[in-house]
Amino acid sequence: MARVTKEERKNGIISAALKLFSEKGFYITTIPDIAEKVGMSVGNFYNYFKSKDILAKELVLYISEYLGNQIREINDREISTEEKIYEIISMYFNMADEKPEMIEYFLRVYLSNREVFGDGCEGMICVSPFVTEMMMFFNDGVANGDLHDQDFFSAFGLFMGYLGGMVFLFGEKILPEPLEWYKESISQNIYNALKTR
Amino acid sequence: MITRQLIEQIEGEASVYFDIKEKKVNFATVTFPHFRGMESILEGKNALDSLVISPRVCGICGHAHLMATVRALEDAYKNAGCEIILSEKAEKIREFTLIMEMIQNHFKWLYIVIIPELAKLTNSILEKKPLKGAYAASLAAKAIAIFGGQWPHSSYMIPGGVTCDPTQIDILQAQNHIDELISFFERESLGIALDKFLSFESCKDFNKEIQSDITLLEESLIVADMNHKGLAYDRFIVMGEHDFTHVAKLKQTRAFGVDSKYVSTVEAYSPQENTYAYNALYKDEYYETGPLARMMSISLPIIKNMHRRYKDSAYSRVMARVFEIGYMLNYAKELLQNIDILQESVVNVADIKKISASGLGIVEAPRGPLLHNIEIKQGIIQNYKIITPTQFNIGSSTIEKPTSVQIAMKGTTKEDALFIFRTFDVCSVCTTH
Amino acid sequence: MHSKQDNKPRLLWLQGVTCNGNTHSFLNLPYLPLLLDKFEVLYYPAMEALHSFEEISACKLSCDVLIFEGAYDPLMKRNGVFMKEMLAHYAATAKHIVAAGTCASFGGMFKEAASHRNSGILFNEEEMNGPLLKHKKRIINLSGCPIHPEWMGYTLSMIANDQTVITDELHRPVELYSNLAHHGCTRNEYFEWKVDTKGFGQKEGCLFYEQGCRAPMTHASCNKILWNEVSSKTRIGTPCFGCTEPDFPRTELFQTKTNMSIPEDVPLGVPKRSYLTMAGIAKTFHIKRLEGKLIDYKTTD
């Protein structure tokens, strides 16, 4: 049997923790819960993460990098800004569908437990890979004349707030249709709101 | 017969066409053959860009152009209902750097142009020492750079004030440069202390016992009979608002008020060669501008004495410029002592894109009034018009209505006329911009 | 036998479409008399030299070092002679040709006087197709509006000492144009921590984010070799306008061009993605010392 690398063990912990945090909640989940789920001793767990807070921060970075990589791949494609918007939304909704624990963690844990992320994860530090890619997206859109020039956060808030809201409604089982069903119209709405006038 | 003379070392070139009768200048016309179109370069640009472009009108007095531009912009703000009140600190710093540029200019003119030309004319013992002028000018430029970052081509004046935020050390360093420049002027030019020079009340006070560049200059001017030559209309005009002079129009010694609306320009008369110059007039008359005009308007005793004796001769014109170096050095020192670094450098102003208005900026440049007229629509320059002091002094008109320089050259030998031409301190690049 | 004097390189300074700014800037060189002593100056626009312009424009002389100031305009005449002819005549035998200032180097400000025909002597903005193309190996561009006196001082000293001046692809001496104008700026710490200036007229804060400063994208040693030996634009709160680069003068000079608040141009050679990552993180930290006044003038009792 092949030896499991340290990196793989670490990723294992991350997926287990994400699942537990989203099922049981961040505060209720304990380190022994996580250790048990990945099948390691609590002592060994501490070799990977010195505390639950550090794990929590690593998770944000992990998700941010995951999102950043996905958006970067879209940014690098030779397609119009309108198509990029559609692709980013598809990717995001897909992730909410297939890896709901990631989005859940981001929306429910990171955004609502700021005290945990104060030291070393404040501001842009842990979300930088994701936000940087969104900056690149907006920058390119304005530079090629597709989007109108405005303040970054006004545009960013419109885009991500909308998606976050939809995922929230989806998570609360309020949406009558699957997320997939809304992609087209949401893309259109976002593009219409941001496009050059 | 008409003969052409190329004039160099006047910030570009000009030609003077002389009509000589019995070895005397009967009439002369002036041609400025180069043109860059600064005004059209400015049009269509963001109005703030003029702060970068207009200093590039001229390498020797670009700072005066910067100040005329910023005043024109601030006037446009005012006309758009957004009046800007500068801090005293910003006013003083602007005034200081403007004056230092003037001093820089005068030193160069004195050592690079006037002394060598007069030496040629009189075969006198006047020594040609152009690098002395360059050195003194570089000290003045250093003092500008402390506030303006660099000279030439600073853009540190902006609507609402200045971009610099000097410390007390900066002020002290500027003071040291002034002190060094004053001591250079005393040692190398005057041969006496500046205070003593500034206390002169009569031409007789030029101490003939001490020999210095300035006493030799004064003496040589007399030897060349320049105290009786080079007279123009004996009419002067000062238009830039500053604490170091008075805005006035003078006919002989009588002073009158001035309104810039009476300034007009006409195409220069140059029958021999294509010129790009326009003459500037006030109420349809030609006036002399520059140091003699400025010193007359504040009734400085020595200048009044000079004028009483020698009127607006080449002598008075040259000596007034020399005197202005001392006067301005003293004034600059005073300005520095009164800068309160705790005041704001710049006051907040509205976004230029919200401004649609016209504005006029007038300053006293080294050679006299410099007018910039700007028309802005939503922050974009629609129209820009520049009138420079050399356009007042060195116009070229018909024999029926000669300009200041034309009348000053009339009746002298060609050699004298060429010297007289330079006593006005001609700036070719400014004239045609 | 030649005296020592006769062996001095003969220097000639000609002018195209110009404001004379380079001529006057050069006069500020602290060691000007010593430098001029190493040359036989045939003609200099602001000072009497060995020859009058009448003699120079007759194109009967030759020179070793030709300095050209101002934009090249094929239609321009001086003293009735096409500058085109004069330039060709003197360039043919000159061992070194120096473009003094951005107009002579790339076209600069006075390319705009007649943009369809004016250019630098070797380059038209970034394109190498100027009138002196065939002499390109001997051309040194000293861009800058105006030139920094020390840059000309360095170049002429190297020539006088028979030393080779190594240049970059735009023919600018590497010793002078490898630095960015940003290097040595007193506001560097504000740049590092992404602290914008709160407006003009402040010692504090960086001019890159809003005020249009081009220093991180401009090859120039303005903040290494100070202007007039005392200061620089950015030190006194004026943005760098990028006057040493082929695209000078740009427009909207007092405003940073941004796309959704993201600077269109980022520091030279830095990928925008890397820049944004670094900038975003640096902005997160609020460094109290950098947010307040640099100097507290309140007196202590």
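Here the chain labels run A, B and C in written order, and each chain numbers its own residues starting at 1.
The rule is simple: a contact is a pair of C-beta atoms (placed from the backbone, for glycine too) under 8 Å apart; a residue touches a chain by one contact, two chains touch by 3 or more.
Not measured: the values here are computed from a predicted model.
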Chain closest to the assembly centre - both centres taken as Cα means: C
Remotest chain, subunit B as reference, centres from CA atoms: A
Subunit A-subunit C separation of Cα centroids, rounded to whole Å: 48
Between subunit B and subunit A, distance of the C-alpha-averaged centres to the nearest whole Å: 66
Separation of mean Cα positions, subunit C and subunit B [Å, integer]: 27
Subunit A - residues contacting subunit C, complex: 72, 122-125, 128-129, 131-133, 135-136, 138-143, 147, 149-153, 155
Residues of subunit C defined as touching subunit A within the complex: 258-262, 264, 272-273, 276-277, 280-281, 283-285
Interface residues, subunit B side, partner subunit C - complex: 6, 8-9, 11-13, 33-37, 41, 45-46, 48-49, 51-53, 56-60, 62, 90, 108, 112, 116, 128, 130-131, 134-135, 137-138, 141-142, 144-156, 158, 160-167, 173, 341-342, 344-346, 348, 429
Subunit B partner contacts - residues on subunit C that touch it in the complex: 15, 17-25, 27-30, 32-33, 36, 45-48, 52-54, 76-79, 109-110, 112-114, 145-146, 199-203, 222, 227-238, 241, 249, 251-255, 295, 297
